[in-house]
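Below are structures written as structure tokens.
Heads up, the next two complexes both have chain A, just with different partners, chain B and then chain C.
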Partner chain A sequence: MADSAQVVREQDPVRSVLRADGSLAGDPRRALGLTPEGFVDLYRKMVSIRRADQEALNLQRQGELGLWGQFLGQEAAHVGATMALEPTDWIFPSYREFGMAMCRGIDPATMLTVFRGLTHGAWDPRKFHFAPLAIPVATQVPHAVGFAMGSRLEGSGEVVLVTFGDGATSAGDWHEAMNFAGVFKAPVIFLCQNNYWAISVPLPRQTAGRIADRAAGYGFPGIRIDGNDVLAVFAATRAAAERARRGDGPYLIEAQTYRMGAHTSSDDPTRYRTAAELEAWSSKDPIARYERWLRAEGLLDQAGVDGIGKEAESTAEKMRTRLREAPAPDPGKAMFDRVYSRPSPGFQQEREEFESSLESPG
Partner chain B sequence: MAEETFRLPDLGEGLTDAQLVSWRVQEGSTVEVNAPLCEVETAKAVVVIPSPFRGTVRSLHAKPGESVAVGAPLVTITASSDAPADTERTLVGYGPGGPESGVRRRARSVPGAAADNAGDVRAAPFVRQLAREKGVDLATVTGTGPGGRITRADVEGAAVGEGSVSAPASASAAADGDQRISVVGIRKAIARQMVRSVSTIPQFTEFAIFDATRLLAARAKAKASGRPLTPLPYFVAAVVRAVREYPLLNSSWDDTTDEIVVKRAINVGLAVNTKNGLLVPVLKGAGSMDTNAIAERATHLIEGARAGSLGPGEMSGGTITVTNVGASGPVETGTPIINPPECCVVAFGAIRPRPMVVEGQVVARESAWISVSVDHRIVDGALATEFLTRLVSDLERTDA
Partner chain C sequence: MAKAINTSLRDALRKNPKTLIFGEDVGPLGGVFRITDGLQKEFGEDRVFDTPLAESAIIGISVGLALKGFRPVPEIQFDGFIYPAFDQIVSHVAKYRNRSGVPLPITIRVPFGGNIGAVEHHSESPEAYFAHTAGLKVVTPATPGDAYGLLQSAIEDDDPVVFFEPKSRYYLKEEIDLPSAAVPIGKAKISREGSQVSVIAYGPTVETALQAARSAEQEGISLEVIDLRSLSPLDTETVLASVRKTHRAVVVHEAPVFGGFGAEIAARISHDAFDVLEAPVARVAGLNIPYPPARFEKLYLPDADRILQAVDAALAYG
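And now, the complex of A and B:
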């Protein structure tokens, strides 16, 4: 469980609440403030986003999506972090946070239209307090810090969570944002989903130190947690959010997890990593271990598991149908509508030329 | 129940083809949505393709080991009624539905950069350093990277004396400016069929010109009565009549038994030029059709071939082929190559005025060339001449 004031030291262990075998390393029930339904809901959401993730990969293989980046294995980080926040807190995602978007209530089919090439941003960020996906590595980090500063100046009480991978911690943007956040005590949580692979670059080739330790250099705490333990992610995020809301500034959470799938649908991970490594991480599957604990606690039985599985199946099916029905955008509108609030005559002329070129092909 | 053809999608951001590794289904299998259909290997990864439809597999369009172009049919499934309606497609890849429906394909990379930089070594600093370390002269290395760039693998290959390492997967440019184009899909099928033809069939070609005055008069009359026809149905009908008289032209040579198999059905292949290459849809049962029926069916087949919407059943089973040459441009005729295992291919040239001798006078008459290539194992020159003579006299007597 996160001690929010502490900077992780060299000998600090990776914090977890649930052990890999599903037994308890500490008692989370009081500390987390979750009801029995709340505990089950974390499970439901992990199952649901995993099934939808698999369906999205299928859709890519069937030519319905241009690209897909699976988050298989990272469900605990997605669900634990999102559910620990207030719905009004903001999330700045990278490109793999489909599960977080689903937890925020964004329609998964709508979200997929981005990967179908129908739109650059399918949802209203202000409605869901969920920023557009950031495809370039680490660009969302300074955005999030700037937004958090705005929140502090406005006194809105909204905390910002920005998530990124281990690879992003090598980017200049990341360091600038971390530094700025530390100096100005921005109410921001830096959630690193350290999944060990930046495409085909393994962690030891990415950084010589520990990611969590880097927070110390910028004057705020960092913690390493078991990112496949949904309760540990929940606890750490909740603690970091409370701290930020109190005005005590940023927090870095290094959630150690593993990307079980390929980097994206265009990648073949068997070319750079071993089956043994995959096997080792399979035993830490975030859903399986949490399910064992829920069953042992009497919070979930077979009927519950089956029901949740069916729900996830139907969500995935609906997503497939709705995606296939998604209308194609009007190219003129898509390209020109949201560039200027008051288009210049030259811009207007460009638009007209473009639209007339569509009418007379060739 | 609707027939759905699933085309190979672009599985990895700009791929042009994939090699079929294995099928997980066979013709007649029933499949659920997302059930594994097959395994393919792209330039990037080995990938299992899940079925987009629930239904029964009708036909598999490729064999293991074959290369399938992105957008080419992979499998046809008779889908159960709850299959998604094929509404307006907005795909980035291919997948279910057709490539004709507003799909934007990525252009193949256009080689040429290397030629522009002839004599100039293109390599990243890292590769240059590697070359220095390994004592490799970059000027002697052929680059296989984008635009002829020298890659790490090229240098490593040169260091162990192998030269450039991997074969290019698609169009690429060598340092000398030559372009290498990977052959997949229709191009590959044409190549295989043509090699088979010239390497197994001893063939010869005979030529004739026929007077098309009466044929054009018949066309004008048909047009006046509201049935505008191209010359093609007249040609096909004449070939069918000639074949009835000379059935040996509608046959094939059986290599395994050294027998001639004379076909009962007259199925006329129609060579159609499409943007993807030459296709030969087959007009089946032409022996029992009149000119109008032939016209109707031929139009369907030609349009289908151009749109890529024909099923495999409509592209096979031909017994004789009709083609045309010089529909536009100055070309008079050519030497068509037999479409194996057929025995005969007939090429018609363009109808245009030519000087002809009529009753001792040179006059301008509407006319066209016919050339006939035949399998000499089956047909000798004398028979080919009789067949061609019959075709000419038939077309010259065309009834309005």
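And now, the complex of A and C:
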């Protein structure tokens, strides 16, 4: 992509890693600091999250989940970005980052209880350094910036990655957060997963400019990369994280990718996009192309591919079983327990009245 | 009162190194009402800082800072400028703990109410929007002593609190020894004891209700004035105990009467003390219009005369 060359600037930390066409310069093994196992692990994780994503869609179709938003096609962004961070770095997701959550070690079955309607949030963000899903678009972006400002104030060294789609860049919160990040030099990475479609609205209807270019207006660099190239995402995120950790402030990464599935299980993309477009993006599939590269490098063989496929199958199977066995929590607990740290007597009384109304017959 | 709030903020910054104060013009200027005067000088630019002019982000970064372990005390410069932050407050500040189990100890300070001769958007009373939202606590002091103590409680509380400051009463004076005890959230106070009608007010209208009570006394009418102090949680017990004594109630606020917080008070009294009521619960409040130009605000705002008319009607009922 010739576009990248115009965005990459002298001070850009990924310059030495990425060529203008998005390919890697030099020996990627050395540049990325990954071991042979590390390279294979990126593949393993992409295969695993894709299989789990498919299983979640199946579960929705079978009536086990109320809704599912697939991330098919965006596995490179999920895995590359998450694995480039330290485990103590924080991630602020939108609502499609199931793959990132899995990479962070959150039990996928537990996470799916959100889409089964059992809870609004199933994990402790502080344990996994992974914020709750943010469903209102772009609203998580200022949260990430605030956290990063706090990290800088304390000198605690955590870097924050916030991810969002192309649609989010139209929202006011996105602008306000980008501006705050620039002013306060917050150690935050803005990862735009530009998947071209915001439900049914294509990118040209979302913005007339290029997303990566907007960083300049806030006083920090932005880069457009091939978001279906897991190594490019890894390299850009790692470089941005190192830069942020050094105290050099925020960075915007526009990862160009494509939402191969529907917006959610309630959406019908055949109403607004063509089969030809889907076909064109299929050829850029992040897993297939990375697998080719791993094989060519001698890092992976057929036995390895088969083994990883089996592992992913088993993870999906366990997820399905555990989800279907997930107990429905007690209504009083589920609905009242977490509203206040210090509930008032009036609130407690309402809860008791509600709970006794459940116990009384009829 | 302005000095009491300033002292309360200073004490909160001293007590807990995690307390942060930020907003528009709160640094070297000390805020447009000088409430944060001298704080940046004393505590430095890391803990008391000016932000870009963007209310949604001011509240949005508070969420992240709280998640990181800070106690943010953001200031929204005027009541009418809180609306850009409405989504962050309602969708996240209020619901984050319910979603994640992580408490957000954020205190959002907002000067509110009219009667200061201001231009549009500077005199609003948006408290009902926030009292309607579960997960938030909503408080408003009426006296300097309560301003100090309630703010201490708000900042120490692990739940998010919207702290409405009655800006027309910033210059109200009271002799108090500071630091005074914290005023618990969720406790109303009897500002003046009386026997014939309960006048229930909060924030700027408590002083108005007290003026009405003093006038009524000269005519031999005894009003009990209740200062709610906390709208959410609401101290229904203190209100009901008073009404059980007086059998009549008048609720006062500056916000428009339709769907205002007075409706909640009236409904609770009507339901829980129906047996003792000798007159319908009356509401004396702002008109159902956008806040008027300053020239007309005295006609819009509840004053002692309008309260007394409602009192007379309650006493004459039946």
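The definition used in the following text is that the second predicted complex is superposed on the first by the 332 of 362 C-alpha atoms of A that agree within 3 Å, B and C clash if a C-alpha of one lies under 4 Å from a C-alpha of the other, contacts with A are read in each partner's own complex, and residues count from 1 in each chain.
Keep in mind that, in the parts below, a contact is a pair of C-beta atoms (placed from the backbone, for glycine too) under 8 Å apart; a residue touches a chain by one contact, two chains touch by 3 or more.
What you see is a predicted model, and the numbers here were worked out from it, not measured in a lab.
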- Side-by-side fit of chain B and chain C on chain A, or clash: fit
- Where does A:209 make contact in the superposed view: on chain B (first), on chain C (second), on both, or on neither? neither
- Task: Go through the superposed model and pick first if A:325 touches only chain B, second if only chain C, both, or neither.
- Result: first
- Item | When both partners are placed on the shared chain, which of chain B and chain C touches more of chain A | C
- Task: Considering only the touch criterion stated at the top, classify A:267 as touching first (chain B), second (chain C), both, or neither.
- Result: first
- Message: Contacts for A:131 in the overlay, against chain B (first) and chain C (second): which applies, first, second, both or neither?
- Response: second
- Message: With chain A as the corner point, what is the angle to chain B and chain C based on their C-alpha centres after superposing, as a multiple of 10 degrees?
- Response: 80
- Query: A:150 contacts which: chain B (first), chain C (second), both, neither?
  - Reply: second
- Task: Answer with first, second, both or neither: which of chain B and chain C does A:64 touch in the superposed model?
- Result: first
- Message: Looking at A:340, would you say it contacts chain B, chain C, both, or neither? Reply first, second, both or neither.
- Response: second
- Closest approach of chain C to chain B (Cα atoms, Å): 18
- Item | On chain A, positions contacted by chain B and by chain C | none
- Task: Would you pull the chain A residues touching chain B in the complex into a rising list?
- Result: 55, 58, 60-67, 116-118, 262, 265-268, 320-321, 324-328
- chain C partner, complex, touching residues on chain A are 92, 120-121, 124-126, 131-132, 134, 136, 139, 141-151, 153-154, 160, 172-173, 176-177, 179-180, 183, 338-342, 344-347
- Note on the structure: In the complex, the residues of chain C that touch chain A are 20, 46, 51-52, 54, 56-57, 59-70, 72, 84, 87-88, 91-92, 95-103, 134-135, 137, 157-159, 186, 233-234, 236
- For the complex, which residues does chain B have touching chain A? 6-7, 9-13, 33-34, 44-52, 84, 87-88, 90-96, 102
